[in-house]
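So that you can tell them apart, the chains are marked A, B, C, D and E in the order they are listed, and the count of residues begins at 1 in each.
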Amino acid sequence: MAANVALLGDAPFLILQLLLDGLMIGAIFAVAAYGMALVWGVMNVINVVQGELVMLGGFIAYQLTLWGLSPLWGVPVAAIVLYFVGAGLHHVVIRRVADRDMFISLLATFGLSILLQQLMNQIWGGDVKTAQSGLGTWFLLDYTVTVSQMKVAAFGGAIAIGAVLIIFLKRSRLGQAIRATAQNPRAARILGIDTNRVFAATYGINAALCGAAGALVVMAYSVHPYIGLPYTVRSFMIVIVAGLGNLPGVIVAGLGLGAAENFAGFILGVQYQVAFVFCLLVVILVIRSTLLQRRRQFLK
Amino acid sequence: DAQAKVEGDTVYLGAAVSLTGKYTTAGEHTQRGYDLAVKTINDAGGITVGGNTYRLEVIYYDDESTPARGAQLAERLINQDGVDFMLGPYSSGLTKAIAPVTEQYGVPMVEANGASLQLFNKGYRYLFAVLSTTEQYLASAVALAAEIAEREGRDPATLKLAGAFENDPFSQDIRAGVIADAEKFGIQVVIDDQLPPELNDMAATLAKTKAVKPDILVVSGHSKGAALAVRQVEEMRVDVPMLAITHCDSADVIGKFGAASEYTLCASQWAPTLSYQDDVFGSAADYAATFEAEYGYAPPYQAAESSAAVIVFADAFERAGGFGKDAVRDALAATEMQTFYGNIRFDETGKNIAKPMVLYQIQDGAYVVVAPTKWAASEVRHPTPPWSER
Amino acid sequence: MSGHRQPLLMLAVAAVGVALPFVIPDYRAQIAMLWALVIMAQTWDITGGQTGYNSFGNILFFGVGMYASVVVQRDVGLDFFPGLVLGMVVGAGIAAALAVLLGSMILRMRGHYFAIATLGLGIAAGEIAGGWDYLGAGSGLSPPLFPAPPGTANLFFAYLYFGVAALVFVALAALYRTRFGLALNAIRDNEDKAEAMGLHTGVYKVTAWTMAAFVLGLVGGAMGNMLGFVDPRDTAFAGATFGVWMVLMAILGGKGTLWGPVLGAVIFHITQELLWTHLLGWQRVALGVIIVGIVVFFPQGILGWARTRWPARHEHQGHGSERA
Amino acid sequence: MTATPPGAPPDVPMDFETALSVDAVEEAARELAGEGPARQELEALCAGEPAIDIRGLRAGYGRMEILHGIDLVAGQGQSLCLIGPNGAGKSTVLHSVFGFADVMAGSINVGGSDVARLASSRRLADAGIAYVLQDNSVFPDMTVEENLLMGGFLLDRRADAKQAAERVFDRYERLAQRRHRRAGVLSGGERRLLEISRALIMEPDVLLVDEPSIGLEPRFIDMVFEILEDLQRRDGKTIVMVEQNAKKGLEFADIGYVLVSGRLAMAGPGDALLEDPEVGRLFLGA
Amino acid sequence: MSAQLTIEGATKRFGGITANEDISLEVPEGRIVGLIGPNGSGKSTLFNSVVGYHPVDGGSIRFEGREITRLRTAEIARLGLIRTFQQTHVFVQMTGLQNMAISDAEAGHGLFQLMRPVSAETRERAEALLAFCGLYGKRHLMAGELSFGQRKLLELAMALMVRPRMLLLDEPTAGINPTLINGVIERLQRANREFGVTLFVIEHNMRVIMSLAEHIHCLAHGRLLASGPPEALRNDRRVIDAYLGAR
């Protein structure tokens, strides 16, 4: 561990490399996290199937390459396909559990995640899949620092998606309905908002975001059927840190998490990177609850 | 209870294989290896034991790639299904979980996918492995590096080795072997990373590699690790004179990454170009052809060794002349034969000591055996040129 | 299940538990596993069902018990049985201590935050064990083998786990009849109000979790020997299997009830053994469908469903077993 | 609901002279009610075309039936007040009209069409029903102003909603001062004011109000009743209200209904009920 | 007459708003004291400060001579200072009796005191108090199945079950049937008289507060506007202007 820290001192370019890689993966985390924030905030559902939706997006982009198309098309295609998948899932399962105890929906989406994992396993096999975007690599500082153009594109795309989403929620009618439903569904209904449709749309949008993120993942990294949970957990962490309904915060937290994870992996050893992520999760939650303890919520 | 072991003219073997979970792909290769051998043997008239002919059949369960499930299923196969002979699961971890069960019940198990050396220091009497154990996987790669260094007039002790190994029993065993080999030559280990099982990014390790500039980079993490290593080495333009990995054929790195996979060294249990043969499949090349005709892709070595395990069992049944568990066990212990997969002879711990590993290099888009010299089809290409020149 | 029929039912179940390993001797391994699962579901329900703190990380205590026990057996150098007993006790002790320590930090979180924090703990524990050489790291550990013919090992574990399950059941039945049980329910229903009434909610929550942890530590302590192999992610901190199953079983049966977790575990285990082993690869699809089906159609569990179906019986129970 | 026998354990002193228990009120009311008013009586109270007409309504939550056959008729521009003991099912009547309870039998006609099959979210748009819930229904994380604007969600033009909101602010300085504050931090009374004004933005034909005066200071209670009066008299809206402050409610309403254990016990003109000695004893605390 | 609860210069701000400003008042032991004031004048906020839901920004609060300004809710509750809520809070998935049983402070809240079944004594008292609040017939019903007003009554019964030294009631009769209100008033008076519980009551219902309270404080805009016996306050010009309105 000390050796790793020393290495950072000896080869400072590593710091830059780690930071860049971290930010770029963090941006993708953020996209999935937008969706989670939406679904959580609006429907009061913690969507455990988030990671699997991301993977599904990845597999769709991969499938396009099998058909000879550029996986870059995967971003819009996966988003559109996943929108309908999401709306479908909502219709069949989510709407029946959304207004129940949150734990019920947690479990239901967990069940869906197992189902999707297995379906992907049956359709595409258990192997690691990647798709070559065809974009090249930039080199900085005399070839020491590499920046894959794909990752930069993913980064830019993620930020853009976030911005669009924020404006959409603030300005559009559906956006307003989504916000109102999030805060008090019964009140939304008495004002004439079709909350069921709002829920379906919200879940669809979430799935579409995941699909886009997945397409970025398969080009910038790789996917296989069992890789969902870390994405789910990261989304969750990001949302907690940012706070529900704080989308700009989601971007910042996503980038921060990506960078922190990368540095932790480097310094502690990659084997502890996942442990680090989950310990960080617990620590964040503990800090959050301590802070809340001070600013206590109270009853009326 | 236990009547299912031999029903009429059918002998049942039991196997828990990974059809879901993280070992799905390899588990499928394993199952297909078993199935192909069983089918081929049965089609050729089955086995003759004590004057009668018998067909083979395998009872499968899915162990979901988890050892706890594997152990339970072994119990189930032995107790409820009455199986008296077991074929191994995929991976060292699963084998580790199942071996204690078969051992307790005195059920002989021939396994083809648990390479961990630790399986063979427990004094198990009913466990037999047709494959080479982990310490041999990358030994020839390390030796090769040392040899080349000496040839170039460099002291091997000046070499630097970087390693990244998945955190599972198999890869950790590989790691132990590599580190022991490095010590033997005085090679300095400069990076020794463990990769998490839900691996999807090894940028941190590779960035480190760029900084410390080792002479050899060794990666082991089943097919996932192989794919990731080849891909990210290219993407990050990591210049390292020698990249040695495991599982490149099962990960199909040539198909996935094309030219980027050139120069990569791969440890393999077996290659279709080897000159072994047997009565069931013919030569190694014949086996490859049969397999490809059946399943539509070239057999990875996981399939080949699984088929070999069935052949070994069949041979032992015939020599034992009956289906007593202990008679078959003793016959297995006395095995001395050649299969398309290689020579098989078990030492007293149950591992196969008659078959060496081979080392491939990817040259011009094909796997070419470069070590050991006996089977080498071509010279090793070394060093790997820097990316700026490729 | 009304008040006066309760003891009868318990007797019947006890009789079945005692007889089972001899009625179907080939299934002893599964019987042992069944009772272990029953205990997991029962203990999960202490916090999950009764207190409203849904944990996804109770597997932590199971795994800690398993590792502690195997390490004790490896390093202390006792014979098999004394080693196992010591291992189980140490495992349970460490698990309980850990519950006190972690509980006092994370039980302050409400609802789903707690659920996810525990999920994090469970996974992190597996990852840490997987990197820790003293615990065999990723290669895992092999506990000593049972020193007797094969059938007896399963018989031993079947009775061991049955005994623990029965004890836990009786203890919980008594516990839920005390005001402590009511306090847990009060926390579940409205924790702020419970606090406003002067209850020491923090202490009760930690106590409840510690009880669960202690028992899970015991269960884990013997499970290593039963399985014959300990591995960080798939046997000890097996979040995706045991970790989730214990939640599922409790919910399937009906959380927050005494019999629900038992019923849920039995049904779950039998389904799994009968069905899944023959589905060859599709069993996870089945699991997914079952989970979704349960929560969509039986969110209250089988017992809860029966109650809405036959509300009269429930009313009757309200008067019959009058807990207050 | 199960019929739990009323009464108290023997060792509890039963000195309920001035005060009646929940059960005692129910019991007394049940006796008083007898068979309850006939449908014709109700129709007689209704002036003009019925704007809202409920027949044989059985409704409840899940499998539990709370209302056991309720009839209710109110004409266009009339106001109707439901009174009754706690737990009688008054809120459930309003819930049923808006689709928040499970209707098991009976019909609910508003403005001549059956709304029972309409999704709750369509009832404001299609049937012109607005609803002020008994409990909290603001959007806590939106500002007071945004809350009012949400009241005009169905309006095609944003500007209309804006104007309507301005009118509310003109009327209630209290809300105007807090227009940019999160609605979640309003005091109980401020919140009530916001909820009522928000329901009026769409200018509904039928207004369901559940205990408008709850938690309001005396002056606001008067104010709220003035608003309702205005709506009814000037704009000809139909108002169905539940009010625990039965005196206020009956004074205000044209028609009064007394609901007891999910059944209609009495019905009559508001003033007449107010003067009924039994009603006075049981519901007005006189 | 000693002051049981003393509030001195209590100030509470939320962001830009001052909900309570420099409020000083006393609640003497054994009395019934009222707190009135327009909506948003800071009544509930003051209650919240007293029972420790949020710390005050300035001033101090003493209960029976003890500084409680910084104590936590549960600790304050255990001193015998209990509040009820404007919006009801009961344990919805427990029966009325169970709600009562867990509220029994006399049976103890220590871990070991809890580890025994509900005593016959607790049960009797619970039943008596439920009857006292008119809920005896509903004692086996889940609290979540009670109507709004019934829950309110249950909450009152629970508060009495604690045997509090002082009870802070936030609009105890809001949403309760007028006839029952008479009952509630009588019950409160009896609780005060027979159990010696000091009452500090927020009410908008003038009939209730005038017949119940012996002394009333009126808040407006977060400040203490006036104090005095009911009659005096009813005729106080400032109170009429700020709150009661012209009658």
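Just so we're on the same page, a residue touches a chain if its C-beta (ideal position, glycine included) is under 8 Å from a C-beta of that chain, and two chains touch if they have at least 3 such contacts.
It should be emphasised that the depicted structure is a prediction, and the values quoted were computed from it without experimental measurement.
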Contact-graph separation of chain B and chain D, given in steps at minimum: 2
Between the pairs D-E and C-E, the one where more C-beta pairs touch: D-E
Chain whose Cα centroid lies at the greatest distance from that of chain D: B
Of all other chains, the one whose Cα centre sits farthest from chain E: B
Mean-CA-position distance for chain E and chain A (Å): 47
Intercentroid distance (Cα basis), chain E paired with chain B, Å: 75
Geometric centre distance via CA averages, chain C-chain A, whole Å: 32
Interchain centroid distance [CA atoms averaged], chain A/chain D, Å: 45
Residues of chain D engaged with two or more neighbouring chains: 2, 64, 136, 188
Residue numbers of chain B (touch at least two other chains): 20, 167, 194, 196
Residue list for chain C, restricted to those that touch at least two other chains: 127, 130-131, 138, 192-193, 196, 281, 284, 315
Contacting residues of chain D [partner chain A, same complex]: 98, 100, 119-125, 130-131, 133, 136-142, 150-151, 153-154, 188, 198-199, 202
Residue ranges of chain B in contact with chain A within the complex: 20-25, 28, 164, 167, 193-196, 198, 200-205, 207-208, 210-212, 223-224, 227-228, 231, 235-237, 251-252, 256, 388
Interface residues, chain C side, partner chain A - complex: 54, 105-106, 108-113, 115-117, 119-121, 123-124, 127-128, 130-131, 138, 192-193, 196, 244, 247-248, 251, 281-282, 284-285, 287-292, 294-296, 299
In the complex, chain C residues that touch chain B: 25-30, 33, 127, 130-131, 137-140, 142, 145-146, 150, 153-154, 227-229, 231, 233-235, 238, 240-242, 273, 277, 279-281, 283-284
Complex interface listing, chain E residues touching chain D: 14, 17, 37-41, 44, 86-87, 124, 127-128, 131-141, 145-150, 152-153, 171, 174-187, 204, 206, 243-245
